[in-house]
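The first chain written gets the first letter, and so on, giving A, B and C; residue counts start at 1 in each chain.
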Amino acid sequence: MEYRLAELAALVGAAVRGDPARLIRGVGDLEHARPDQLAFLASPAYRRHLGATRAGAVVLTAEVADDCTVDCLLVEDPYRAFATLSRLFVELPLSVPGVHATAVVAQEARIHASASIGAQCTIEAGAEVGERSVIGAGCRIGAGSRIGSDCRLWANVVLYHGVRLGDRVTVHAGAVLGADGFGFASGPEGWEKIAQIGGVAIGDDVEIGACTTIDRGTLGDTVVERGVKIDNQVQIAHNARIGAHTAIAGCAGIAGSVRVGSRCRIGGGAGLVGHIEVADGVTITPMSLVTRSIGEPGTYTSGTVLQASQRWKRSALRFGELEEMNRRLRRVERLLGRAASGGHETEDTAGC
Amino acid sequence: MEYRLAELAALVGAAVRGDPARLIRGVGDLEHARPDQLAFLASPAYRRHLGATRAGAVVLTAEVADDCTVDCLLVEDPYRAFATLSRLFVELPLSVPGVHATAVVAQEARIHASASIGAQCTIEAGAEVGERSVIGAGCRIGAGSRIGSDCRLWANVVLYHGVRLGDRVTVHAGAVLGADGFGFASGPEGWEKIAQIGGVAIGDDVEIGACTTIDRGTLGDTVVERGVKIDNQVQIAHNARIGAHTAIAGCAGIAGSVRVGSRCRIGGGAGLVGHIEVADGVTITPMSLVTRSIGEPGTYTSGTVLQASQRWKRSALRFGELEEMNRRLRRVERLLGRAASGGHETEDTAGC
Amino acid sequence: MEYRLAELAALVGAAVRGDPARLIRGVGDLEHARPDQLAFLASPAYRRHLGATRAGAVVLTAEVADDCTVDCLLVEDPYRAFATLSRLFVELPLSVPGVHATAVVAQEARIHASASIGAQCTIEAGAEVGERSVIGAGCRIGAGSRIGSDCRLWANVVLYHGVRLGDRVTVHAGAVLGADGFGFASGPEGWEKIAQIGGVAIGDDVEIGACTTIDRGTLGDTVVERGVKIDNQVQIAHNARIGAHTAIAGCAGIAGSVRVGSRCRIGGGAGLVGHIEVADGVTITPMSLVTRSIGEPGTYTSGTVLQASQRWKRSALRFGELEEMNRRLRRVERLLGRAASGGHETEDTAGC
């Protein structure tokens, strides 16, 4: 894998400053890249490394190029250009077309000849695996599940029965798609299980992180639309629908029947309670809890700011007294009359 | 799988309104059910779909039956009746009694003849699998672990050694029972491991979600009592005890030696710190943190409400100043005298 | 496994009070230990069990020894002494050196003759497993990954390619090391993947919990230094670095490029956002969110205290009005003049 700088420039529409014939054999970060590697500068936080970089070339914007002492690729969005170029240099383990001798594949399964089924996989009746898809070692593909073309399932992924993946879907190790939704009705002798009869439908170009779980629908499918990116340890419950190109960071939890719009960003560890709707273009910051539908795009937060615990304890104590503090403040305002309430009586009917 | 409406009615003690001979071949939701399917209406939020439903019949209460234009099953608790009826129509993948040729089963293991051991399972010495239990592909059953009758372990479940499951226990894919508890003593050269010598005991009729982890006890068992339902990605630490019929939603974490009562409801992402006790009948709302024992049934919450982030930032800033705000309010009250403090001096000794 | 009390005392530098020849055959807790078992007392919370214990001997400090009616081992740190002694009595499942017949091991892999490779493992080309290391059933070891000596991987662990473990590393079942970091650049047609080219480097004496995920670096490694202890269901993102002897409790999440110092304690469910640095010796309490670098050792917290939900709702409502409450208080203070503001004008420029 080696490319001349001019070739790389052409791939991302960059202008070359320096030697277009320079050979690039890999990528690295500004601080550690070697003279045959390409680095990039997208965030001002890393600009301090630009002067001393030993990279062969740096992808950056024209504004900062003058500080660069090595060759440059000038682009408008260095992070995106680097994304494209980085993929030229990734070396994934080889996968050989065909079914490994130790895999257990039901006769009724349909595996494309160009697909690769890893060691000790289990593929049940009626399952399908499309062209060039790679199924890692120890994966379990349930009855009637369908995997499109150019998918990659890493090791030990579990697809229950009735799970459908589009094309170019990546699922990382240990993820589980199609387990029963958490549906129980309360009865006199305990919980009564609601049968989970729906499936899971994953769109094209979705990526799903390690140990992430996406439950099957109760009736009808749990749906993840095209282009969605899901990090590790995320939980998506039965009958949720995640809109196209939404990104969900690690450890987030989406409860049952939630509808998340497209191009949303759900922060790490955030939670959405059941049966709510979130509009397109909403950002939820990390570890925030969403308990009501959100109708407008924008950024939303819950929680408090980190403090030294001794100081936090005092704030937290007063938080528990806020209603009382508000009453005390109202009492003071009344004593002081109209001037204290800004020249008009407040309309707060909760006051004492 | 097809049933006459009268047969279904008999199973849940419902009154039929309409044609008792109508054939039902499946279940669906109000909005999408077909004329040979049964739907239900339990929540007012979905009542708007009742008028237009094409379902063959709907399970609902007598109060709303007049709005229903198709056949009805009248019951007091439609959600629970539907739970019972839904299970008639679930089609699980077939499991054949016997041990799959690729499973590795220790000679000293005892597998009931009616049990089904899936492909590429590993079952170690002294383990037992009871009548009609189904062990999915790729499960690992440790030495001396015991699985009762009518259990189902989905694919890639791991039971360490010394884990006991009762009867009718379901464990979803990727769950891990019996890993070491997180026990270390601080020493001059780092952490010293405490041996984790206890086991895990799971009662009858428990369901455990995908990628959930339940650690073995340090000394003595970690215990999950009968009828408990646990969602995906839950963590239950060493020596915890979960009371009968408690439900724990996704991503919740229960720390070491916690005792949770029976019929509690632990919300998604909630956390319980170690060595506390929670009474029977307690509900913890999603993502709340429990740092002290709870002696009374009821519903408990921590955290703040979601706001647009710009507005939240101002609230969060003031949260950090709450102690100071309280002091300022006390100063104002003192200036204004007894009238400001409601006619009596407050007893807050933390005041300035 | 049996030891005389004098032998145990010698291992931890304890003074024996009682019969040095007493035989000890196991460990237990104060409440349940039998006469041939050793118990310990480290926390005042359990002192009430001391008088009635039936243990053969108890590890405790001299201060409380007079309340003990059975034999004692007197030490300064009973918890640590018990940790050391507990490990004498743990009975792990036997592991036989050699490669199980059902494992699939690439010819180019290097497995030490004393190592044990479990049933249905997959070990890819260029991987190495060191002396006496035990690889559980169903583990997947990617191309070029290296496992040191005296490691133990429990069942169904996945190491992607390019993951390196030091010596004496324990990885619990279902953990995934080396999955792609969550790196995407936003483009006009959706997210563009950043190739994840780095690896994972785990130091000596690290323990990693069940279903924990540690992603590979984008460029360069994700690093977990020696002696770190990580609980279950933890997520560590690409290019994070965790300092030596830090402990991370269950369900915590560490975002990308975070640097955590040494001997830190990260509470259960806590979250650290990306690109921050945490000094040595910092404690983060459970479910706290860290959004900025922490330069000083100490204990830090975010969130609020649990309340009965009805009461909490009022506090939470007022939290959303805190900025307005502060303005109202400022207005009152101005009306009352210098005396109200403690004899000096406050400098809060945010006031009305």
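In this section, contacts are C-beta pairs under 8 Å (C-beta built on N, C-alpha and C of every residue); 3 or more make two chains touch, one makes a residue touch a chain.
Keep in mind the model is a prediction, meaning the values are calculated, not measured.
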Graph class of chain-chain contacts, one of line, ring, star, complete, other: complete
Fraction-based call for chain C against chain A, same above half, different below: different
Separation of mean Cα positions, chain C and chain A [Å, integer]: 24
Shared interface positions of chain C, touching two or more other chains: 102, 120, 138, 156, 174, 211, 233, 251, 269, 287, 303-305, 307, 317, 319, 321-322, 325, 329, 332, 336
Residues of chain B touching chain A in the complex: 26-29, 32-33, 45, 77, 79-80, 82-84, 86-87, 89-93, 100, 102, 118-120, 136-138, 154-156, 170, 172-174, 205, 207, 209-211, 226-227, 229, 231-233, 244-245, 247, 249-251, 268-269, 286-287, 303-310, 312-313, 316-317, 319-323, 325-326, 329, 332-333, 336, 339-342, 350
Interface residues, chain B side, partner chain C - complex: 102, 104, 120, 122, 124, 138, 140, 142-143, 156, 158, 160-161, 174, 176, 179-180, 182-187, 190-197, 211, 213, 215, 219-220, 233, 235, 237, 251, 253, 255, 269, 271, 273, 275, 285, 287-292, 294, 298-305, 307, 311, 314-315, 317-319, 321-322, 325, 328-329, 331-332, 335-336
